[in-house]
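Alright, structures below, take your time with them.
Next come two complexes, and both contain subunit A; in the first it sits with subunit B, in the second with subunit C.
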Partner chain A sequence: MGSLIKKFTRSQLAIPLFALFLLVIFNLIRDPSFFSIDIATNNDGNAVLSGNLISILNGASAIAILSIGMTLITSSCKGQDISVAAMAAIAGSVFVSVLRSNEITIPVLLLAFLFGCVVAVLFSLFNGILVAVFKIQPMIATLILFSAGRSIAYWINGGATPTISSPLITAIGGFIPGIPIPTPIIIMVVFLILISLLLRFTNLGLYTQVVGINEGTAHLNGISPVWIKLIAFIISGVCVATAGCITVCRIGLINHETLLLDAEMDVILSVAIGGNALSGGKFNLYGSVIGAYIIQALTVTLYAMKVPSAAVKAYKAIVIIVIVVFSSPVAKDFVVRMYKKLFKKQAEKEVQAKAA
Partner chain B sequence: MKTRRILALILAAVLALSLAACGSAQTGKKSDGVIKVGIVNNPPSESGYRAANVADFEKVFSEANGYKVSTFYSLKNDEQLNAAQQFITDGVDYLLISAAATDGWTNVLENAKKAGIKVFLFDRMMNVDQSLFEAAVISNMEAQGKMAVQWLLDQKLPEYNVVHIQGAMGSDAQIGRTKPLDEQFANGTMKKVVQQTATWDEATAKQIVESVINSGEKFNVIYAENDGMAKGAVAALDEAGITHGKNGDVVVIGFDFNKWALREVLAGNWNLDVQCSPFQAQKIHEMIQTLEKGGTLSEKIVINEERYFDCNNITQADIDKYGIGD
Partner chain C sequence: MKKGKDLFTEIRGKKPREPISNTNLLMTITICTFIGMYMIAMFVWGGGFLNPQQFLDLFNNNAFLVIIACGLTMIMISGGIDISGGGITALVTMACVVYLEDHGGTVAGSILMALGIGLFFGLLHGILVAYLEIQPFIVTLAGMFFARGMVTIVSIAPRTASHEAFLSLKQMRITIPGLGYYGKTGVFIPAQIELGVVIALIVVIAVAVILKWTRFGRNLYAVGGNSHSALTLGINVKRTKFFAYLLAGILSGIAGYVYLLHTGAGDAANATQAEMQAIASNIIGGTLLTGGVGNAIGTLFGMLSLKTITNIVIASGLTKPYYQSITTGLMLCFFILLQSVILAVREKGAVGLLPEWLKPGKKDKKKNRI
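Coming up: the complex of A and B.
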């Protein structure tokens, strides 16, 4: 038991899980029914789950998927891609324009997603080549698409906010008839499983970390840092397309200006909250995903507390500062030292009591 | 040495030619009846509204209507100022401006006045003396909000429990469309269930409405400050099985007159959509024609006429005529 606790406190996931736990406790005290889940019948006549917990899991799925790609890029390239949200707008626009030029059927839907994926991967590879081959700092390299991405999406959309409507779109962004869980949650889980299997069985996870920790060593051991970095960008491209398409399907509309607005910051934050060093190296995918859920839980909590519009960002910032400070090595060291001090005193007391 | 002399010759020739061009343009201006217009606007990529606005000006200020048009698009005020100054130097007859920011224009407009160029403002007002421009054709966001609130009061609902989804805080549209509703909240005629910004984001609007539904609080009106956010809100209603629109439990209100939004009103999924008209070109065209005929303009500030459609009075013809986008 003791060793289990020790293992947990040493784990990278300790702080994010603890933060999530605190948020849950806070909400339960504030409103005991906060996490109650109901079954409602939606306007299409399906029985579906509803409640804040579902809202959090559902609303975070796009950020969570993006954070998977961001974790890999962070680990191997020692930097972040700040253009993911803008690229998601491009992928979403491609997705919508393919759907709008055809009648929406399942094959067309898959084709549209494939097109979105290809475009997103190409753009992501553009970033990747700048970073891996030309060795430009990731933030500078991706600044290009960060500023140009939404203009490109505008150009694809022809300046309007095109809409798509079909039961198939609702099935992806909302609920598949007969399944009470929101589809984005299912997509997120499947996606996470697929990526972790990929990382495990191809050693890609290990190679990525090696490149992030020491490129020279990786190179000497026959791992090509350039390729590993490019692969991270390719996977991130697929994440971007998936997140973009889910978000489009939620509303049935693409707005290049607001699709996943400011999401790149939330994504980088979830990687950081997840206990991953933004300077690269070791990583934990699940940490990043938990980070995304923490951010969404925070947002939903603030909505439920009816925090005034203008103050939402400030409240969010305060909580995030606390989490980030507590997960910093300095704070961790401090906690460990305090714990040891207390524990030692107690041990000494016990020894004294025995002696007496 | 020789190359330098040739270069100097070429430069001199270019200078002479351009001067000649200027001269001929100024003298030939009235003889062929072409009116030279410089348009400074925000880029069409700014929004669907702006795309429609730019298209409207392209349509009205055409060669067929007797205009020779130069345009410049930028979101940055300093670039717009430079372009306006360039148009003045080029010697246009009229300068039409939708400014990126309200300040810093006095100097340029004074130069225009000295050069005898008449200035019209459209879409947005500027912080300048009214003597510096002929007229301004603008939208009044607050009037749009008032229109929506008045329509809502006219429905005589037994009670008004409003979910208010705001645009990006501090934007013109947000301030204008929030104020009339805030007055109702203050009067107590309507009850504020939630007032939250979704920064024009559809998905955020959906989350806000989800959170209200989860809290179990009763509401019967959704007042979203643009069409996209109304669509997001309706997606949340649909998932929770709450009826909306004509004969529904919840009244849905949007703004901006996107064609797809008007179709939602026509289908009875939404109750009301209020126009934010991007069509100012025709009005300015009429005023320029008056001036050209030697007439005078009666008003300085022209509020662009805007309207609304609700699910009982809208027709397909209205959508084709007034809707923006597709």
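Coming up: the complex of A and C.
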């Protein structure tokens, strides 16, 4: 049991899970009914789950999907892609334009999603080529699309904010009739499982980490860093398209200015809170996803405490600083040294007892 | 430092001209691009571009951005990043307005408050990044969130300053003799600059002096170029980084006050996207994110180029709002690729393609990095 606890505290997931645990305890103390889940009937007359917990899981889906792609980019390219939200706006615009010109049925929906994916992957590859081939810092290279992305989305839509409505759209953004869990949560879980299977059962997970840890060694071992980085950007493009389409379906319209506004910052935060080093290397997808839920849980908690929405950022900042301070290597060293100092005498006694 | 005798011999002697360093090269490209762009604009579109006041308005409207960008230059040279500039600016404007209005403060008090807020954020970032070794992006992101959140906590609604002494400062203008334009009624309106521009220019010169002629500036370049080498050279890397963030925080505080002098109001939406524009100004001005290369003058011209492109887009009749961001993006793309290609060619191969003065030093590449 002791060794199991030791193994857990050494793992990357320890601090994010601990932070989530603290948040849960804080909420339970403040308001025991916070996490209650009720069965309510929504507008379409279906029985659905509702409650704070469901809204946390639901609201975090887009961020969680984006953070999966961001984790891969951070790990292999040693930098962040700050254009994910703008690219999601572009993908959403393409999605909406295809849907508006045709009657909405399932094949059309899939086709629209495919178009959105292709466009997002192309833009992502643009970023990828700048980073992998021209060896430009990811944050600088993606600054281009960060500035221009939302305007490109505006241009695709011809300057309007078109709406789409159809029972299929509400099914994706809301609830599929008959299933009480909101669809975005299901989509996110399926996506996460698919990507982790892809990373586990092919060599992609290992190679991505190798390229992030030491590019030269990877190259000498026959792994092409350029291709691995490009693949990371391609997967991120698919993530971006999925997140954009889910958000469009949930809201029912595409507003290029407000779609996932400032979401890239939340995504980078969730990757960092998840214990992944922002300077590349080993990564843990589940950590990033937990990080996304932590941020969303924090936001919902603050709203439940009646904090005005503009001030939520300040409290978020304090919590983020506390979390990153505790996960910093300096703080960890400090804790280990204190631990050794406190228990030094006991350890010495044990050693002496054994020697005797 | 060379001795007097050697310096004299050098001037007289036949030493080959020292190759231009990375920093200076990128800065030269930026300045030439800006001058070229403005000349072309004056020829092709005439009109507004021939009006000196429009050129001076580039400074008037964006003085705060120059100050934030100069602070960011120091940080980027040392290898870090700071995305809290805009947030601190907004917080300073709101806090100073509330102080002047509600608490009957003096102008001197509000200046102290601006510096104090900037100092606080600079300290926070410096300690967390330099001594606790946390990623600068996360720390400054949290700082930005904190500052933006605090703006609304200080005052939900936008506030305008109506303090008399402050307003007289705000309306102070320095007239440039000789330059001016003829208004619609034929009256000669002389070209004017605001107080904020003077402060911004002083900051640019101060940062340029710090970077070039102080030990601290040299340490910044060393730490950014290769922090392990800097450490083994005996440079206190942590202290250098700490002071870089501290100075950038103070400069953001000054930028906030300059912004307030320009607009006279505190608003939660002040200076949005300022940090990204500051990063863009730095990139166009020749500062590399990896560190070790950078220049304050280049940053100033980078900001001017950035804003000129927007003016050119407006002047050429492309009025749809998305054209401005797309052209900004294209310009960034062009500069990023140009920098990357030039630096790669300089350091790796294909040196034969370059003219003699552009080639890196044959014997000692490291010496010419700064």
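The rule is simple: the second predicted complex is superposed on the first by the 339 of 356 C-alpha atoms of A that agree within 3 Å, B and C clash if a C-alpha of one lies under 4 Å from a C-alpha of the other, contacts with A are read in each partner's own complex, and residues count from 1 in each chain.
One rule holds for everything that comes next: a contact is a pair of C-beta atoms (placed from the backbone, for glycine too) under 8 Å apart; a residue touches a chain by one contact, two chains touch by 3 or more.
The structure presented is a predicted model; accordingly, all values stated were derived computationally and were not measured.
**Student:** One more residue to check, A:Glu257. First (subunit B), second (subunit C), both or neither?
**Tutor:** First partner only, subunit B.
**Student:** In the superposed arrangement, which partner chain does A:Gln352 touch: subunit B (first), subunit C (second), both, or neither?
**Tutor:** It touches nothing on subunit B or subunit C.
**Student:** So in the superposed three-chain picture, is A:Ile318 touching just subunit B, just subunit C, both, or none of them (first/second/both/neither)?
**Tutor:** So A:Ile318 only meets subunit C here.
**Student:** Which holds for A:Ala310: it touches subunit B only (first), subunit C only (second), both, or neither?
**Tutor:** both
**Student:** Looking at the overlay, what does A:Ser101 touch: subunit B (first), subunit C (second), both, or neither?
**Tutor:** Touch partners of A:Ser101: none, neither subunit B nor subunit C.
**Student:** Touching A:Tyr154, do we find subunit B (first), subunit C (second), both, or neither?
**Tutor:** A:Tyr154 contacts both subunit B and subunit C.
**Student:** If I apply the document's touch criterion, which positions on subunit A are contacted by subunit B in one structure and by subunit C in the other?
**Tutor:** The overlap between the subunit B and subunit C interfaces on subunit A comprises residues 151, 154-155, 159, 308, 310, 312.
**Student:** Once bound in the complex, which stretches of subunit B touch subunit A?
**Tutor:** 44-45, 47-48, 50-51, 166, 169, 194-197, 199-204, 206-208, 210-211, 213-216, 228, 231-232, 235, 237-243, 258, 260, 324-326
**Student:** Would you pull the subunit C residues touching subunit A in the complex into a rising list?
**Tutor:** Listed in rising order, the residues are 81, 128, 131-135, 137-139, 141-146, 148-153, 156, 268, 276, 279-280, 283, 288-290, 320-326, 328-330, 332-333, 336-337, 340-341, 344.
**Student:** Would you mind writing out the residues of subunit A in touch with subunit B in their complex?
**Tutor:** Its residues touching subunit B are 33, 40-44, 48, 50-52, 55, 59, 151, 154-155, 158-163, 170, 173-175, 182, 247, 250-253, 255, 257-261, 299-300, 303-304, 306, 308-310, 312.
**Student:** Which subunit A residues qualify as touching subunit C in the complex?
**Tutor:** Touch list, subunit A to subunit C: 80, 130, 134-137, 139-141, 143-152, 154-155, 159, 265, 268-269, 272, 277-279, 308, 310-318, 320-321, 324-325, 328-331.
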